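The two complexes that follow have subunit A in common; it is paired with subunit B in the first and with subunit C in the second.
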Partner chain A sequence: MVRRTLLLLPTLLVPLLLMFTLLQLTPGDPAAMMLGDFAPPEQLERLREQLGLNDSMGVQLVNWVGDLARLDLGTSIFAQEPVWDVIKSQAGVTIHLTLLSLAITVIVGVGAGVVSALYRGSPLDQGVMLGSMFGVSLPQFWFGLNLIAIFSVGLRWFPVGGYVPLGDGFWLSNRSLALPAITLGLVQAGFLARITRSSILDVMGEPYVTAARAKGIPEYIVVWKHVLRPALIPVITVIGIALALLLSGAVAVEVVFTLPGLGRSMVSAVARRDFPLIQGIVLVVAVTNVLVNLLVDLLYAVIDPRVRYQ
Partner chain B sequence: MAIAWIGLSVIVVASIAAPLLAPADPSYIDVANRLRPPGPGRLMGTDNFGRDILARVLYGGRTSISIGVAVVIFGVGGGATLGLLAGYYRWVDNVVMRVVDGLISFPALVLAIGMVGVLGPGAGTVILALTIVYAPRVVRIVRGSVLVIKEHPFVEAAVSLGAGSGYIIVRHLLPNVWSPIIVQASFIFSFAVLGEAALSFLGVGVPADVPSWGNILTDARSYLGTAWWMSLFPGLTIVLTVLTLNVIGDGLRDALDPKLRTR
Partner chain C sequence: MEIADTRSDDPVLEVDGLTVRLRTSRGDVEALRSVSLHVDQGETVGLVGESGCGKSLTALSIAGLLPPMSEVSGEIRLCGRNLTNLDRRARRQIGGREIGMVFQDPVASLNPVLSVGGQLAEVARHHLGSSRREAKALATEMLDKVGIPPSRNILKDYPHQLSGGMGQRVSIAAALICQPKLLIGDEPTTALDVTIQAQILELLRSAASDSGASLLLITHDLGVIARICDRVVVMYAGEIVESGPTSKILSAPRHPYTAALLKSVPDPEVETDELETISGSVPELHEMPEGCRFAARCEYADAACAVDPPLEVISSGASLRCWHPVGGMNSAGGTGGLSGRRS
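Here is the complex of A and B:
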């Protein structure tokens, strides 16, 4: 388990190094960007010294990693606040959205996958497979736009956008995220449905399932105890992948539904060339993603005794 | 599968022939005819500047499909090369696979936006960002195949006949990994079309004055309740393109690799 955790370190380093290198390659002087075009040269020089820009690349890298370890991600050029504070104030929306979407993905995806495997070849199965094919082909932001046009503008069932914090009422808050979460969750559900279906069909072909049937065990017990249990365990690992996809999708969905989360913040940071904020968000997402994947892997070993990490 | 090939060909040919097919100049502003619904003479209606949407979708296809093709060329070309080397040489494997594992598990769009943000928007950076995000898939799959093929007796035979490493990689390994490469190419194409659309829609893709499927939809956002045609037609075009690519990819995988046949 310790080894498994240590193995994740290089995985984490890659996005970190990529961002560091890209920032080094960028033309332009961060000091000049922060002070504006007409700053006097001696002031520029002082800021450069202060930011450590005159040090060699190696020293800068070491300092940067040191800062990261202390959760010091720099200062947002636009907000003039520590990047970590900006991220903290916006992460809640993104986490709420991602969890709600994940719930929709798992319920709809696993449900549809199970139904479609059990009624293999039926019109129901074909419908689910067709739906999941469409799901993976939809641009999420466009799906969201259509949902807004139908359910917010047309039927007026949901707000057009914006986020009601959880503190203002559980129901109101979830209602404000309903359409965004459906947008994100349904599209990913197609992916999960396909994996669930093929996992169940694999298990159904196992000799011990035939044996269970031959013993005269009622079909619903065969399905429940002998097929679903082993078939759904591998599906858990996919949740880690689903999370990366959801976080990716959340960026576009937050913009479409004007939700004040990390994704929208990142897009506006790009427009304002607020490099410390862009970098900070990429790093926080990277760390979260790696940690969740670790958690899923460890959970997998707990649920499935056949899996042991040496 | 056949229908998908026909559909994709129609979309690609129509985009290439945009100057011949487009009923109007895609950037021609005609304020008198702004936000006109679809009708004779303007099959997809006009946008908030009176620009013809059909013309914009056709010209947008040139941008979006070109970017898709470029990502396929660089992503699949680069990915396959690295995959072949990583599968063949152990020391390359250690380095390349660490990087690939780091990139593959990362939320693609977040990384792509981060890169575009640092390098500045533009078609070139979109291609670079999408290539870096999607090439690792190709590396992983090609490397996996090479590791299996490398153990076959014909490779050992070639080595004992004195064949050099380069010769073995190009003449013996590459021909055996063509099918996974082709299958991946169709999926990468579909990811790239979706990725470009998302980046451009978010305003961090190709510049707003160049029509692309993504930034046509950016304009549509403000007119959802009043001008449904502004988002419907460009959106459907993206869905059709990506759907045909995915159907082709699935079909190729089933045809080329019977072991992976989806039930």
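Here is the complex of A and C:
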């Protein structure tokens, strides 16, 4: 367990280094973005020096990692606020959105997968498989725009965009995130439904399921105890992956639905070359993903005794 | 315990004219044709044949585990009660309670995510309505009976922690926990190490007889038959071709297929470079020949074999499906037997 936790560090380091290098290679100068096109060169030079942009890449990296070690993410160039504060103020929306979409993904995806495996070959199964094909193939921004056109503009059931904080009422808040969460969640649900279905069908063919039936226990117990439990093991992995994809999907969806979350913040930070903010958000997302993977590994041990005893 | 070794002629299991048609991608096929056999009280009957001959399907039919798309005719009677016209729920209740089953691969036939104790207890809890504690006590007692003493304390273990032999002991315990009338072993020793096959085989017989169950043993291994079976039923291509007492069948087989099977068992005392085989293979279900199904591989076949031979009783307790039995129509002498080698 300790070893597994220690292994997380290199897992984190690789994406962060990659991101850092890519950012350095991106054309565009934060100083020029801040001061505008007509800023005098000496002023630009002073600002660059102040922001540490003139240092070599190695020095900048060492500085950044050094700050990180002191839990200092730096200051957002554009907002002139500590990056950590910017992230804190916007993370709530993204967390709420991600959790709501995850709920939709798991309920719809696992539910549809189970139903379609149990009624394999029926019109219901074919319907689910067709639907999941659509889910997997549709681009999220397109799907989101269509939902807005139908349910917000046409039927006026949901707001077109914007976020109502949880503090203003649970129902109102979730209603404001309903369409974006459906957009994000259904796409992953399609994928999860397919994995769930094939995992269940695999387990159904196992000799221990036949053996359980031979014991004379009713079919619903056979399905519940002997099929679903072992079939869940690969499904949990995919839920972990889905969570990562939901987080990255949140970028496009927050832009489409004008939600003040980390995703949208990231897009504008990139446009403004706000390096510290980009680095901060990527760091938070990377840490989240690593922690989710750790959680999935721990869940494995709960469900699968073969993992527990290794 | 008092019923042990009191062999009587009341059949525990009677299979009568069992025909099973399966729906496959190549159309319906007749996988079993008019299979009839019986297992008497306290008896051990071996069902033998090459792979694909329908012996496992016969076992699944008896246990009520056929795929839902299959069409079954004929009767399967357990202690005189016809099982084929029971509804699905009542049919399911027979399994575990009145018919116990042990499968080929012990590790694969135990659920990897449930504990050994849980898998034993669920049978007792469901059929006997035992409480959690009673079921646990019963499970411990059953494990002791199959040679796993309580000191081993494996109730909380998971199947992957068991060896193949231990796994099969657990399966036998689970199959016998409700004291069924019939125990079916579907190749129960095939997947095990040779060194423990004999132990498990002996355990199957003694555990079955201790709990008063008759034993139907499905196998392709004639050595297994010779060791523990009272009677043998030989199947070929979905039909029964010969049946009779073990000693008779092994020493003087009448059906050319049985004789060929016996000949293909290598004799450890004769040095040879080549093993005997039966040329050709079992015909595919969807291209079953007219007439005798073994004719194409049979050295005695002639024009008469184009007509399907009936299964006829040739002496008490023995029957045969052949126009040209080995050793002639009425003589008892045979060739190619296993006489004195294994029984």
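The rule is short, and it goes like this: the second predicted complex is superposed on the first by the 269 of 310 C-alpha atoms of A that agree within 3 Å, B and C clash if a C-alpha of one lies under 4 Å from a C-alpha of the other, contacts with A are read in each partner's own complex, and residues count from 1 in each chain.
Simple rule for what comes next: a contact is a pair of C-beta atoms (placed from the backbone, for glycine too) under 8 Å apart; a residue touches a chain by one contact, two chains touch by 3 or more.
Source: prediction; values computed, not measured.
Undergrad: Thinking of the overlay built on chain A, is A:306 touched by subunit B (first), by subunit C (second), by both, or by neither?
TA: second
Undergrad: For A:267, using the defined touch cut-off, is the partner it touches subunit B, subunit C, both, or neither? Pick first, second, both or neither.
TA: First partner only.
Undergrad: Going by the contact rule set out at the top, does A:249 touch subunit B (first), subunit C (second), both, or neither?
TA: first
Undergrad: With the two complexes superposed on chain A, say which partner A:62 touches: subunit B (first), subunit C (second), both, or neither.
TA: neither
Undergrad: Touching A:19, do we find subunit B (first), subunit C (second), both, or neither?
TA: In the superposed model, A:19 contacts subunit B only, not subunit C.
Undergrad: Applying the document's definition of touch, where does A:148 land relative to subunit B and subunit C: first, second, both, or neither?
TA: first
Undergrad: Where does A:201 make contact in the superposed view: on subunit B (first), on subunit C (second), on both, or on neither?
TA: first
Undergrad: Taking the superposition on A as described, I'd like to know which of subunit B and subunit C A:140 touches: first, second, both or neither.
TA: The first partner, subunit B, only.
Undergrad: With both structures placed on chain A, which of the two partners, subunit B or subunit C, ends up touching more residues of subunit A?
TA: Between subunit B and subunit C, the winner on subunit A residue contacts is B.
Undergrad: Enumerate the contact residues on subunit C facing subunit A in the complex.
TA: 63, 65, 89, 92-97, 99, 101, 103-105, 108-115, 122-123, 126-127, 158, 160-161, 171, 174
Undergrad: For the complex, which residues does subunit B have touching subunit A?
TA: 98-99, 101-103, 105-111, 113-119, 121, 132, 190, 194, 197-198, 201-204, 217, 220-221, 224-225, 228, 231-232, 235, 238-239, 242-243, 246-247, 262-263
Undergrad: Show which residues of subunit A lie in contact with subunit C when the two form their complex.
TA: So the residues of subunit A in touch with subunit C come to 206-208, 210-219, 221, 225-226, 229-230, 233, 303-306, 309.
Undergrad: For subunit A, which residues are in contact with subunit B within the complex?
TA: 10-15, 18-19, 22-23, 25-26, 120, 133-134, 136-142, 145-146, 148-149, 153-154, 194, 198, 201, 240-241, 244-245, 247-249, 251-252, 255-256, 263, 266-267, 269-271, 273, 275, 278-279, 281-282, 285-286, 289-290, 293
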